[in-house]
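By letter and in written order, the chains are A, B, C and D; residue numbering begins at 1 in each of them.
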Amino acid sequence: MDSRRAESFSDGVFAVAITILVFNLLPIASDTAGLPHTAELTWRHLGHYWPAYVAYLVSFLTIGIMWLNHHTMLAQVSRVDRPVLVLNLILLMGIVALPFPTALVAAHLAGGPAAYGQAKVAAATYGLVMIVISVSFGCTWLYVAGHSHQLGGSSVIRPRALHTVRFTAGNIGYVAATVIALVSPVTSLVIYALLAVYYLFEHLPPPQPAEHE
Amino acid sequence: MDSRRAESFSDGVFAVAITILVFNLLPIASDTAGLPHTAELTWRHLGHYWPAYVAYLVSFLTIGIMWLNHHTMLAQVSRVDRPVLVLNLILLMGIVALPFPTALVAAHLAGGPAAYGQAKVAAATYGLVMIVISVSFGCTWLYVAGHSHQLGGSSVIRPRALHTVRFTAGNIGYVAATVIALVSPVTSLVIYALLAVYYLFEHLPPPQPAEHE
Amino acid sequence: MDSRRAESFSDGVFAVAITILVFNLLPIASDTAGLPHTAELTWRHLGHYWPAYVAYLVSFLTIGIMWLNHHTMLAQVSRVDRPVLVLNLILLMGIVALPFPTALVAAHLAGGPAAYGQAKVAAATYGLVMIVISVSFGCTWLYVAGHSHQLGGSSVIRPRALHTVRFTAGNIGYVAATVIALVSPVTSLVIYALLAVYYLFEHLPPPQPAEHE
Amino acid sequence: MDSRRAESFSDGVFAVAITILVFNLLPIASDTAGLPHTAELTWRHLGHYWPAYVAYLVSFLTIGIMWLNHHTMLAQVSRVDRPVLVLNLILLMGIVALPFPTALVAAHLAGGPAAYGQAKVAAATYGLVMIVISVSFGCTWLYVAGHSHQLGGSSVIRPRALHTVRFTAGNIGYVAATVIALVSPVTSLVIYALLAVYYLFEHLPPPQPAEHE
């Protein structure tokens, strides 16, 4: 299959998944509306929902930067075969699921000391979904890099070892953050954000002209 | 009409429909949030919603693999006419509706022995929607294969009889699973998952160069 | 602006709007779930929500066929200017709003004799949104047909008078159905469905080669 | 990265975000449905929700016209680099968030004199999100215009000073409207609508052939 169609479908899924994140904010509007006599909307009230905004920010950056790297990955080949498509489908399954742990974090991080145990479960669930995403991304990348010729890659993917190590290193970060979530949920959320920014800079190698080898 | 535009629109609908499946998970986050004093989020609590995760997985695979085969089908022709578009619209109507029986299964499969009758209705409804999808896919395929020349197919769709039989054989699987749902809802869900995987391997013939005939 | 980008954006909006229609079905799943001891899901229960299924069907056909004709319209030109884009934006505003009256019809048509007055308001609101869609579609078509040369139309849009009359005739149908909705909501819903099917057959003229003139 | 893919992803996000605005209308349908004996749907009832319709209209126009200008901006270059992509991601983060303040305005503007303080918070929040969108759009534009050659701009972006001043002038409008929101929420909503229309006419310069310089 032409890799352009796989990209086009993936782009659509990424675009919808990233937009769906706003649905974690919409209940804030209707919660505060409620019945006329209980309706309250003050800045303090809006500020009370800070975990929802933070979770929105972190997940938006994560999905957005994941999209950047996803594009860079598929741009290196001109065809995709069934294994790539299946790995890609598992990756998308994780991306699409991300609004769920985002909602868990948004709903449970601001619960105060009494809800501290819940915040841990929420933040750890977020980490588990990120591990699924990160591992399936790594597998797709390893497969694409290893079958570059077969997939009609117009470029040679050379510095494979180094980039693969660095790239999949992020996986360890997500495992660590998930464990940390069981101790300090807020710290793990900071790590998730830092990992997204890390992937912004430590991205996949750009396609290189074959004649340079 | 150029088949690319029909693909592009279908891709968009597939992408949105597959992403909408996460909406069956979001209520888990807000249900468990509830009011501060009743809020509870433990691993046991999250595990309680296993049918929602299983239903998400099965429907995600079903729509994703359906997209793969949908693309393979339309890649064989360069034009589409009104009958193809109408058949395609009916197919998409089924795809878009799939989150509904998915939600039914998610909500009713974990209800315990008392809710066993409900689980049967939910799983059977899932099967009915899958039959609509499967039959309309089969009809679209039969029409496209039979009008290949007229639709500017650059390739000859040769081993029609065999592939058509195998492909539409899945329909019988969905009818059987729907009947089984009335006895054992969980078994039917397993069959739905297996049928999705079956379609991953037993797909449509790849376009063949015309000169090989 | 290249008309392809306007088509691409419109396609996206059509695809999302048509998929959002399933959100009118999702509450059926969670309503029937409710608390464990009140949960009930029987075939009779599901059948109770027939207006939701009918409304889904009618709106899906309407948006789907509207997309077909929207494509045929834009395929006749290669460029779009600001007036086309603004008219197109108003058209999309109506398309995106359609799930709202669809939800009104779904919620109020099955209310029994006591809710008959509500069904009238719901069905008439549906008609009002359809009039906005139909009129803005007609205006866009008149503008595109009248500025064909200026918009780089590779084809001559010849039998303008006849087609324009027939096409905009649908508008009168929607006005009539809206008035009828105030007497018999179900009848108006049937007319909405028939109008969608009418537009399937009585579509815009296909692009004609310029040399035939 | 080819600017077409960035456009394609952005188009998807714009299309979903603009369609999501209808979710602020859907609760009107289910609120009015309620339980059978309390269900009420009259024209007066529907009219009661006028801020929801006005907010839908203003946000739809804002996102739609923002899309037009976003396209004009990216059409001037053929490549995008990481800074453009990151700025674009921040812009999209604002666009996707817009349905949230839209929901706040929809829920709190019609609350009557008692809810006047709430309407101010809602309208000011709307303004704050618009400032984020407007500033990030301005920054993206300044970067694209300043790196036109580097980004493979086939055209020269000449009258930069004037257009940049005029274009970013809108930012001041949004800041002013946000301050006014704290006094008169309805007035600020009118200004938001006028600013959207302003951007329709006072758009970015069209790409100019390089030889005209």
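Assume contacts are C-beta pairs under 8 Å (C-beta built on N, C-alpha and C of every residue); 3 or more make two chains touch, one makes a residue touch a chain.
Since the structure is predicted, the reported quantities are computational estimates derived from the model, not experimental observations.
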Equivalent-chain rotation between chain C and chain B, CA atoms, steps of 5 degrees: 90
Same or different residue numbers at the chain A/chain B copy interface, by half rule: different
Farthest chain relative to chain C (centres taken as mean CA coordinates): A
Distance between chain centroids, defined by C-alpha means - chain C, chain D (Å): 25
Mean-CA-position distance for chain D and chain B (Å): 35
Contacts with 2+ other chains: residues of chain A: 8, 12, 15-16, 20, 23
Residue numbers on chain A that touch chain B, as the complex places them: 1, 5, 8-9, 12-13, 15-17, 20, 23-24, 27, 82, 85-86, 89, 92-93, 96-97, 99-100, 103-104, 106-108, 111-112, 114-115, 117-118, 121-122, 125
Complex interface listing, chain C residues touching chain B: 7-8, 11-12, 14-16, 18-23, 25-26, 28-30, 32-33, 36, 39-43, 45-46, 56-57, 60-61, 64-65, 67-68, 71-72, 75, 200
